[in-house]
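Sending over a structure as structure tokens; questions will come in a sec.
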């Protein structure tokens, strides 16, 4: 995302927090004080958001130097980013900056942990997030998933057709839904459909869905479904995604089914923020 | 917050998700289909965000009926909100709506759980959140804390003076920082200062801080500090807040110290989203 | 697109035109005058934008009644839409409204004309637009293409991978570009690549591109390329798009090659606006 | 227009196109690749928008060098503008940039062609555009008209009084409309009125309109009207504008009437975009 | 200005004031309380802004009834506007609403007072404001001037050419400045120039400026200048505006010179706000 | 307030004024002309807004040099700020810049005059503004008050509880209002209540309001109220603010009462703008 577009998004976050100004800072810190600060990790995890942090700091006139790259596994006390510049500016943006970094790093950490667990067990299954992001933060949440090794899935409601239960409840028939979509959709888009039973999944494959999402299937139901598709020579015709009830604890059972993609809402919706702090390391002028 | 101001914030969230339009819905659902839908809880917790959800739905032309009030303790399958209207609109906003409700309810649930634990143990200690919110979501995160029975703490950087470590690091002296702030701050604002030692806390009370935050103190350090303040007849001169390392597991040990306020970053930053779903319950016209 | 999101876009167009207010109207028309007006076609074509026009008028407090549906083939003097309400409002928005309708209808008319020509000649080839839209008007331009029977192609830079000449110029090798993209792209996205020679196209198919764009190929080059792909049993592995130098005059020669998709920049970039006018048909109160 | 204000407008265009980011570019191009690119004309015409293009490129961190000035008559393969900088940024903005340049150059080309035709035939008639611009693009469309040698006419609804048919239809009487406007309008504004007959035009001149627009008059009707005004010694009291049905084909017949201004909707509404391309000419770092 | 465009401007004012919400009101007033309130004048003056006030109140869901019209001369305790609806909403917007009404009414009052003084003395001189408005409030300030019987002068920098001292300082010669402007300006715009001496004014008239502004001329200098213009038969060729140092005290001396327009910065920049209050007159539900 | 956030606010002011561009300047001034300009005071007063002026100028590419600091007492002809750069940009922003500086300086001048009068008479009473600011200008108006030596009072509706007459009119009882607020308000906020009688004030102090506003009390009523509070040993429990009917003329009588804070709407609502001008002092390139 071009820097200017990103800067504007970050600016809005700061504006929300700052109201009519950081009164603490303007009451106590000289307006030309210059400091150097460092952002430190306070716990173990995968850092994400350093690129955004640098853009944010630089857009406000501070010089920055990343000490590690996004995606690095960090440990407590490890310095992540250095910033030098106006003390008032730095103190005013500290919380907004850390809130973004901590959230993105928390998401990357959880994603990475699940991906590594799956890879270590020898599975190539894709680990994807969903659209269950924090409102307004899709770009940042999805970027953090990427940094953690996950797949971003749909970015907007306009980049893939995904026919869900509620669509079928209205249209009345999944096969017809796929046909209607296929007739009018741009060639540039894939079509995915949610299946709630083995039979649904088979029909979806027969109707030439590009991707079939097995919604709330147990690992054994998934296996049965995959076998049914293989029997009908449909297994390679579509990607198979499983979603619902998957978490770090049971992910290997799901991966073991041979499904192509596992998607988890919790990596963007319920990841614990990674603890970090910003510390003034040098007062150059006060 | 007046409805129109809120509507605009919610609209921005939808715009981000929708891109050039929900292609699935416009390809498969007739543009004049009318449906009734219900939002259900899928797990136990405290619901928050129903007021925002209603404003959002109504601003997009749907009729709504809340089945429970914000702050209600809900159980799986309990209906929370009913919406009737254009099917395309409803399906297009479903995810944005649930993302907000799930986040707010998750925060309210965690806050409430901690507050109840403290009250049940007989303590009146205030449980406060911090400014560790998701970027752009301060209003919603803080409102959820209120619904869960917590205290919102500062809303912006302009509504209280809070002199932190990094400020003191630059100014060089906490007492002087308080004096500088007091001289120029509006009478309408309180002054809080972070203390990192018993001595700091005593000096802050002597300098007439309205609130003193004991940063990363253990329960026993807090007790010692409170005793020292009492000895000097300073205990009732300032509110005492403890922050850092407090969580649902150890909150009672902190409450037992007699401190006035406990603040926890995790209730806004790391609460698990409350699982919910929206289901079409009736197709009135398709 | 939900009505509110659309309303806001349309409002911005009006604001640009109106400055500090329509001085002619406020100087000459009573502020409570009520009128009925009709929008008429002044030439033959396919009308598009009536849905947007209605949303725009209604959002400003006018009642509307569409006389025909979007996509209808209209003739001179045919009434398209009726609006009743405050005269000042109606006169102030007239030009903004007609500018949108005329543009969208012009695009739909050109698209439809080409699509019909191709269908009449017996070809099923998809006629697609490109991202050559007017800046800021992608939603409207692409919707008009749909109404005219065309394919919208990519909506944003984030909904399909499309590796162009300039990408390959930097990476150095098309096959590697496809491989790099495939490794990291979400399963939800297709991958297209631009080919500038028969050899390029074959390599792209071998590298499993989902779509191959033959850039500036003549009809005979396209035919040769398709034959080469068939020989290698690669024809059915990818969709083939031709782009560059195609227009209403030569479109049948391109369609005759058997290519899957023909994309034309001119339908969004150089379509003649369809002439229309708004006329006050009744003064109800002045 | 100050650069910052312009930058913001251009940024919005890019944001619309980019969604959550240019996935092709971020998947295939190293984030620190540096390239030089040139924009070339692909057909003959008058270039316009190079100033805006430079501002756009520079605002995103690229260095630029215009090879020709706005208003230059360009030929195929002529380099127009050079840009050097981050490859990802450049590739992400390419289409938005070309869309603006092509549109503006198309408008300037058509305007210039008509103006030159009229001048070559020895007429000094002003060639003006109207408010028939693309929604949201008034600034750019009107600037392109200026570059092509045309007159911008009204910029907003607030910068001149222009009483049209629909106003008169409500007020009932053109003379009264002019009087009402004159009584209350600021001295800083001119008053123009649309006339639909010779009689109307004479009355408008008698009522001291500053400008009279002859709406849909044939050349011979215009001549008669001008003669009637001369007879009454009113010809020099007002500027006379003809509008409606004028195009490049018949413009000389209209100019020959001796009217002061000819206005044409098609130069902003139906000009063919000027074909251009951006090519990477050097990879400095990849 | 169409209601929606106005609503948006007013909304922004409220948002600035409201931060994360009116905590007083939400802590003390039930969320479904319904009240009736009246706005009263607290001093004598001309009321302005009631139309904007009604739009504002209605856009937030309140019902309103104007008791007097904009432009009415009001007295202390006179009710101006009644509003009925949600108590929280009403209390939250009270200050924003009164700030706008008081400002606009203050401007209208001062304008009206000067206009009446001039009319009473028998002069028809136009009393105009300038662009010396409060930043962001041009629309409201200028509308208030109109309600007070004044002339709005230029609305933007784009609706008239006004060549000032600083322009001439750079170009070097006023006559040339007028010529340059005349050559390229649209026929739809007037040209005004600032003159700082009698000689300047004469040259400007000879160069066919539409309006000549005598900058900081004393009444006697103005008279001399008008005589000089009459002698050269140039008086009726241009409107003459005097500006600088004119106020309510000396306005008649300036009007007596026979100048066409007197413009005063102070009516928009230094008018005393008209004191008003909003009072709850009935609690319908609490 | 971080520079970027401020820049954006200032930009909006310019955009409002500039419409589609400063036509005078673009028609008469070469686009690469470079000039030096100075802003001069034209009357005596306290200058405010130079920091904002510098940010504004620099954000548009001009170099600046402040000749005096905000808060300086200036005299006619004293240079305040120097700017060097593009002539077109400078002339286009001149009026917006001066409007802001003149308004802020006018407010600072009036505030300072009152504060000095009070201090000179030996009183330490705080002089505060209210929320009676120009809509949209709270930040600038309040900053000017600070520069003039005044207190900013509440910044938003969310930074202090201030229970006013209208709240009590709905709740029915002031003591209950304070109790309701105290129970639920964050510990970070103060509670103020408006009293309209001596009895009200005493009850408010008994109910532990942090601040009590004596609304429209005469100096003698204030004295009586303070004595009553002293008798009950409540004087030191709350800050006492007097508001209503206070102005520069009578401020000493109010200060003499011993009240803690005097708040005046007129310093932000009715201050006379300080006259200033911008002059081109050198043409470096034209």
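The first chain written gets the first letter, and so on, giving A, B, C, D, E and F; residue counts start at 1 in each chain.
Throughout what follows, contacts are C-beta pairs under 8 Å (C-beta built on N, C-alpha and C of every residue); 3 or more make two chains touch, one makes a residue touch a chain.
What you are looking at is a predicted structure, and each value in this text was computed from that prediction instead of being measured.
Colleague: Enumerate, in label order, the chains that touch subunit C and subunit D alike.
Modeller: A, E
Colleague: Name, by label, each chain that touches both members of the pair subunit C and subunit E.
Modeller: Correct list: B, D.
Colleague: Could you check if the interface between copies subunit A and subunit B is built from the same residues on both sides, meaning over half shared, or from different ones?
Modeller: Both copies, subunit A as well as subunit B, present the same residues to each other, with over half of the numbers appearing on both sides.
Colleague: Rotating subunit E so that its CA atoms sit on those of subunit F: what angle is that, to a multiple of 5 degrees?
Modeller: 180
Colleague: Between subunit B and subunit D, tell me the centre distance in angstrom, where each centre is the average of that chain's C-alpha atoms.
Modeller: One centre to the other, that is 51 Å.
Colleague: Between subunit B and subunit F, tell me the centre distance in angstrom, where each centre is the average of that chain's C-alpha atoms.
Modeller: 32
Colleague: Measuring from the mean C-alpha position of subunit B to the mean C-alpha position of subunit C, what distance in angstrom results?
Modeller: Whole-Å distance between the two chain centres: 44.
Colleague: Counting only residues that touch at least 2 other chains, which ones in subunit A make the list?
Modeller: Residues 18-22, 92, 138, 155-156, 158-159, 189 of subunit A touch two or more partner chains.
Colleague: How do the chains pair up in terms of touching? List each pair.
Modeller: By the stated definition, chains touch in these pairs: A-B, A-C, A-D, A-F, B-C, B-E, B-F, C-D, C-E, D-E, D-F, E-F.
Colleague: Which bits of subunit B are touching subunit E when the two form their complex?
Modeller: 1-5, 8, 138-139, 142, 155-156, 159
Colleague: Over in the complex, which subunit A residues touch subunit B? Could you list them?
Modeller: The touching residues are 12-13, 16-25, 27-29, 33, 35, 37, 87, 91-92, 94-96, 98-100, 102-103, 106, 131-138, 140, 155-159, 161-167, 169-172, 177, 180-181, 184-185, 189, 265-266, 269-273, 278-280, 283, 286.
Colleague: With touch defined as at the start, can you tell me which subunit B residues reach subunit F in the complex?
Modeller: That would be residues 126, 128, 146, 151-156, 158-160, 184, 186-190, 192, 211, 239, 241, 260-261 of subunit B.
Colleague: Contact residues on subunit C for subunit E in the complex?
Modeller: 7, 11, 14-15, 18-22, 59-61, 89, 92-93
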